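The following blocks contain the structures, represented as structure tokens.
Consider the two complexes below, in which subunit A is the common component and subunit B and subunit C are the respective partners.
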Partner chain A sequence: MSKKPTAQPALHKVIMVGSGGVGKSALTLQFMYDEFVEDYEPTKADSYRKKILLDGEDVQIDILDTAGQEDYAAIRDNYFRSGEGFLCIFSITEDESFQATQEFREQILRVKNDENIPFLLVGNKSDLEDRRKVSFQEASERAKQWGVPYVETSAKTREHVDKVFYDLMREIRARKMEENKTNNGRGKDKSKKKKLKCTIL
Partner chain B sequence: MEPSKEPTLNLLSSKDFVPEKYVRDLSQSLVGGPELRRLRKKIQALYEETNNNLKRNVYHNYMQFIDTAKEISHLESEMYQLSHLLSEQKALLAALSTTSILGDETPMITGAENKNDASERGDENRQKLASILEKVEGCKELLEVPGRTYLHEGDLLEVDPVDNNTIKTVHAYLFTDGFMTTYRNTNNRGLMKYVFEVMYELGSLAVVNVRDIGNNKHQFKLLIFPDTRVFQCTASSSKKEWLDKFDQAKKARLTQEQQKRESIVEKSPSRSASIESPSFNPFEDMEEDVGTIHPEWFIEIPEELDVCVAQRHFEEALIFLQKSKDYITQFVNTNGQPDHVIIDIQRKVELRHNNLTEVLMKELEVNPDKSQQGGLRAARRAVRLLNQLGRSTQSCDLFLKLCSSILKTQCKRVKRECSTAMYVRHLSSVVFTNMCHMTEEFLRAFPSSSSCSSAYVVWASNELSLFTSHFIKQVFMPQTSLSTLTECVVLVRSQCERLCSFGVDLCYQLDGALRTPLMQALKDTRDKSIEVAKLRALEDKWIPMNLRSKTGLARFLLQYSEMGLKLDDYVTGDIWIQLTNSTLVFAKLYLTLLNDCLQLETTELLHTINEVLYDVFEAQVRHVESSLRNEKQVEQRKFITKNADFLLVILQDLCQKKYKETIGFECESLHKLKKEYSALIKGVSPTSRSTKTKYSSEFL
Partner chain C sequence: MDFDSPDVMKDFPGLYASELNKQCNNDSDYSDENEKAMKKDLIGKRKEKKDKDKGYAALEGESSADENFKSRSPSKTKKAKSFKFSTKTKEKRDKSREKEKDGDKKKDRDKKNDKKLDKEKGKNEKTKKLKQSLDETADIGDILPIFGASIEVAVERSRCHDGVDIPLPVRECIDYVETIGISFESVYKISGTKSKVLQIRKMYNQRGNINLSDYDTPTITSLLKTYLRDLPEPVFTNDLLIRFEEAGAILNLNTREKHLKILVDNLPPYNKLLLAWLITHLHNVSLNEKFNKMSKQNLSTALNHTFHCSSRLLHALLHHCPALFPNTRIERYVPPLESGAKLPEHPVEIDRELKKQESLLTQIHKEMNVCCISKQREELLWEVQRIITQLKRKLKSANKDKEVVEKVEVVEEKEEVKEESQEPSDTHQKKQNLSSVPECQCEDISPVDIEECDVNTESVLDNTLALLQLKNDGLHSLRDSLLKDIQEERNQILMLKSQLTPEMPPVMMIPNENLDEVMDLFLKENQILQIKKINLVRQIIEEQEMCIELKAQIISKS
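So, the complex of A and B:
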């Protein structure tokens, strides 16, 4: 198993959050395997890892597809703590799922204790325009209020699927470089440590 | 001939000596008997010499032999001791493990959670947990969480979450409330195969299934901030099992907690609101609260209890116990369920409680080394405390045992020196005075407990049985006269009645115990009296009694009038009484017998008494009857009739009067006797009477 003892490509940890049935797993699977899974089965918690080329740089993406129906707040906190960036998904066909994003946002901010955590508000199921319940404007306003980008995706048509993941990874990468800079080239370890402290506080 | 053929010690003990070959060579080279015989002699001599040498060697090393043997036996006994110690320790440990587990069964802890857990499942689980405890070093607290149940275990390979390199093999256990990882014990000694690493609380353990990509197969992740741990299973089936079990455990826990939360919310809505932020957030109310702060005195109670017990401040210990109990009940009442601190303290307090009880019970125990100087008074404190601890049954038991032992020693002090009556007087007074005292003490110690009262009654009855059996052995002997017997029995009865004032009436039991021996004694007395009557009859000359002097007569008359017999009518001259000696002696003896009988009287004995009274009286009357039959002289017949009249009228009337005074009615059997022999009074010779009576009278 120890196949690469040499320098590992940067690992970006992305977390999919959102209510149950909004298409977190569908988006993840589309991104990972270029396939759309029609059948719905509630996810417990799955993690994926993939090597990709981000702007000419080898990176690894680690996606944690969380359970929309996780019952334990403490467990959810642990999911969120492990993430470096968040895709907060709702379904444009379901207002409830949109309302729930508020709670997820608050919880993530509380756990990460960081207003500027890489975060994307994602309205999924854009292919189901006829059943839209959440207007683009409404969602954009909320994103604006949070200071995060808003993207509409379709796991079915693969519209903007790569974009949300790549955008988020760029944010994460930018964030990490910024931290590296403030630490004056002390390296990744240091930045990690600092991040730890923040979250503990 | 080679010189080597000569048998020597060197030759025979040399390494390459072969007996067969040697003998063959010898028989080949030697011809003739004498030579062979000479060799044989020589070998014999060698044999003897060796034997002697051996003996001498043994003798020389004799002391060493003995020392070694001693050493061995020493070693043996030490091994025995060691094994005994080990087995003791084993028993102790087993007891310890059961006690800590039994602690779980206190009603408060179990609560609503494991009600449907069948007890056998609980046992199984306990055993499993205990076996894990044995295998894993450093997880002593494993058993201390109530309701923890074993779910799953297995070997896992831990890999680095970043570069996926193997880190180590772990052996993991899943319980209903947590996930425990252990690693292999490197200094592989004993049963402890694994070393405890960490226990994760299931309520905050994020389990993530890792999708199989490339070489990363059959993995799952645990996110426990700040750690992320990745474990690799051997096969996808085992991974599935792990994830399923995790899921199962979480679900079970959730339903459990929901139940609990519901009950809390019902009871104290204010508490959760005060702890949590005011904004209602469906996530936030699921936060585990850190636990209430308990007052310091409560935390320190176990230690305080230890000190109190060690210093024999039992009352204080009791107050502490009560305080802690109150606190726990109050806490549970307000908060719905005890937290872990409470449970911990509760268990510790429970142990101290048991310890205290044991110490107190030791106090009460009857011990030959312990002086009984203080008597029951000294036991008061321990009894009272035990009662307060809710152990009245045990304390009652011990108290009564103590009473028995005190009674026994007291009885032993009563020496059998003087007459039986005196001895009985002493003994019964000691026994019953003590019993009265003990009853008093008992009523003071256990004022209103029916179970204790019944124990007391049983005890008292046992003590009485002990006493009566001793009494019977001492008093009911063939040579003891009925009068002495009566005196003793009456004494004991009156003593026994003292207990009645405490509401303990054992007289019935006493009478019951004495009934058989008394009947026997009465019958013996009857036989004896009849025997005496017969002897007297043989000597009866049918002459009036001569008192020899006036004073003698006066003394005699006084003596009889004291018994209730007026003899003045029978006096003739200065010194004569117109009754025979036999009649007068009989009257006296009979009155004594009657007195004894009347004193001994119980309803059960009445029949026997009547029989005895009849038989004894009849024996005398028969004598009169047979004398009359054989007497021809008119004068003499008249004298005999006069005696008969005295017996059947004067004496009978007196007897009936006395009988009636005590029993309440007149004696049937004496009536019958009087009727049967009424002819005698008229001076009629009883030849007309049935022959049967005649014959039987001749037998006497």
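So, the complex of A and C:
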């Protein structure tokens, strides 16, 4: 990554995690290409980059779509530490996938060692209301307990798809700004890549 | 064998830790020392076990050359160094690291180390702990060097991602000389700047981006020589070197060629391939003698030390090169595309590129499993993953457009043959194969029969075509099943390795002479069996090929 200031737009690295079949790839593809695929094809790992306008600022988003299937867990773990924000997805039609979010959360905290890592809890497949197994209430409570936002999405209808990605990027951006400030204040340590243009105080 | 696979690291954390400390002690020469000591310690294998009954019926007995080679073999002269940790050298190293990468990056790394503390609570506690301890003291160039590693390990660590299994630095040096240095006068004779050579070596070890065209020919040839000299054993292997020398000394050209050919074919696959490329390349160089003044003779005397052999042997290999390595073509290496490059459009090309990228991705993942990789490398991981995703999408949309009806038929046909040759070594199975032949026959041949009544010549052509097709299919499925076997055996090796480890340390600690003797005996016996096995396997394969041919003939005749 270039350390030179300006030139390149800020790059935010987002990682999709969650059990197999909850719709991580579906959400990613909907966000990237406005497409929805009915067939389920388990992912090993996929990565995408998109240029977007975030509150008037040109930024790039790198999305890493990981495997829910445990077979590929080892590969998944290698990516975690370079992720700057996480979308933790479950399907509202499957309680097991909701329970699994707990473990994903713990694993991420372990790797990042950071309670405030940008993170959203996402209940997907909201279009399948009639098959709902996880109540909004229940999920919100868990999110509250973790101190993260909870959003329900549908990769099929595109409901809240942009929202989860944009909200997460805002958190990442805010986080980076904060880090830059503490850097300037203390002059040392906590060095993270300075992707944002430093504003003159 | 791969002694450095993550599993081994996991199982011998102590061993590797001491290796690391040692590295700090002798900065300059870490790579080959490291590898060698590791090997010795791990198997307790003593190089003196140059055994006399190798099982080469074709060759005469031992010559007196034995002693010479013992002393020449690089691994012998090295003395064990004490495993003491020296803070001074560590500081030095840190400083030099700081110089290369800027300050920010180093802080990043330190920070990451902190995080690692928590990570190790995870499942693979052992590896994680190891990872962490490694992070503090060394970078990848120290832990997983390419120069000084055995050929197989070097290939694993530094692949050519197009499937040619020779170490990348060698390939790139050869490419360089073939394109830029081929008419350079006294190429391979004139040495390059030592500091530059060491610098490039370091960059390769650290998986940096290297552009060889920034350097001059002598530097590149010296680099290649350094690689060969750093090898823990000659490319001919310690075990076969003497046989090679004997064969190289045979006066009768035909006999010499025959014997060399047998020996070359008995080399481990990675050694054989590397030798094939090197000799073919040097042969090419000698063909340009007019410009570069390097005849076969000159090359042999310039390079025999590098190859750890006599110039006579080298000369013999160059002389017989076309016969020894008829299928070796020097192909210029095209590395995996970088992001921003235009991706291929044709499905076949997409597929080829995809394989390269996946090979690269696997390699990065492997590095990550062992130690902390650089920020650039991490960046590359995402990038490669992105290209793979793009290529897969392209391939998918390309495939959607294409008609697949034809393919399905072929696949079905292949499947049949595959099932038959599933267990090639099983004789019962073979009988079954033969008895099952008539079944396929009726389906495959009936259309030909009808045609036969109409046009005679055409049917003959069709027949040979069908025969070839059948043979081809048979060989394909044989290849598939062999590949499967290889994979299975690899898994088995891994499994056995992990089983083996808990018992190893006590064995090594007992200073029992008897045990050593027994060990030696077993090692020797093992080697003999190994060679017998290789020969048997070759026989089996040959018979299998015969079977396929016969089967195809039977089918097409009836």
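Heads up, the rule we're going with is that the second predicted complex is superposed on the first by the 172 of 201 C-alpha atoms of A that agree within 3 Å, B and C clash if a C-alpha of one lies under 4 Å from a C-alpha of the other, contacts with A are read in each partner's own complex, and residues count from 1 in each chain.
In the analysis below, contacts are C-beta pairs under 8 Å (C-beta built on N, C-alpha and C of every residue); 3 or more make two chains touch, one makes a residue touch a chain.
Please read these numbers as outputs of a predicted model, since none were measured by experiment.
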Considering only touches as defined above, state whether A:113 meets subunit B (first), subunit C (second), both or neither.
-> second
Which holds for A:8: it touches subunit B only (first), subunit C only (second), both, or neither?
-> first
Looking at the overlay, what does A:103 touch: subunit B (first), subunit C (second), both, or neither?
-> first
May I ask you to decide whether A:75 touches subunit B, subunit C, both, or neither, giving the answer as first, second, both or neither?
-> both
Using the superposition on chain A described above, determine whether A:48 touches subunit B (first), subunit C (second), both, or neither.
-> both
Jot down the residues of subunit A that show up as touching in both complexes, subunit B in one and subunit C in the other.
-> 1, 3, 45-49, 64, 74-75, 78-79, 81-82, 107
Within the complex, which stretch of subunit B touches subunit A?
-> 159, 162-166, 201, 203-211, 213, 215-216, 221, 223-226, 228, 243, 247, 250, 254, 281-284, 286-288
Residue numbers on subunit C that touch subunit A, as the complex places them | 102, 104, 107-108, 111-112, 114-115, 117-119, 121-122, 365, 368-369, 375-376, 378-379, 381-383, 385-386, 388-389, 392
Which of the residues in subunit A come into contact with subunit C in the complex?
-> 1, 3, 13, 45-49, 62, 64, 74-75, 78-79, 81-82, 107, 110-113, 189-193
Name, in rising order, each residue of subunit A that touches subunit B in their complex.
-> 1-5, 8, 11, 32, 44-50, 64, 71-79, 81-82, 103, 106-107, 196, 199
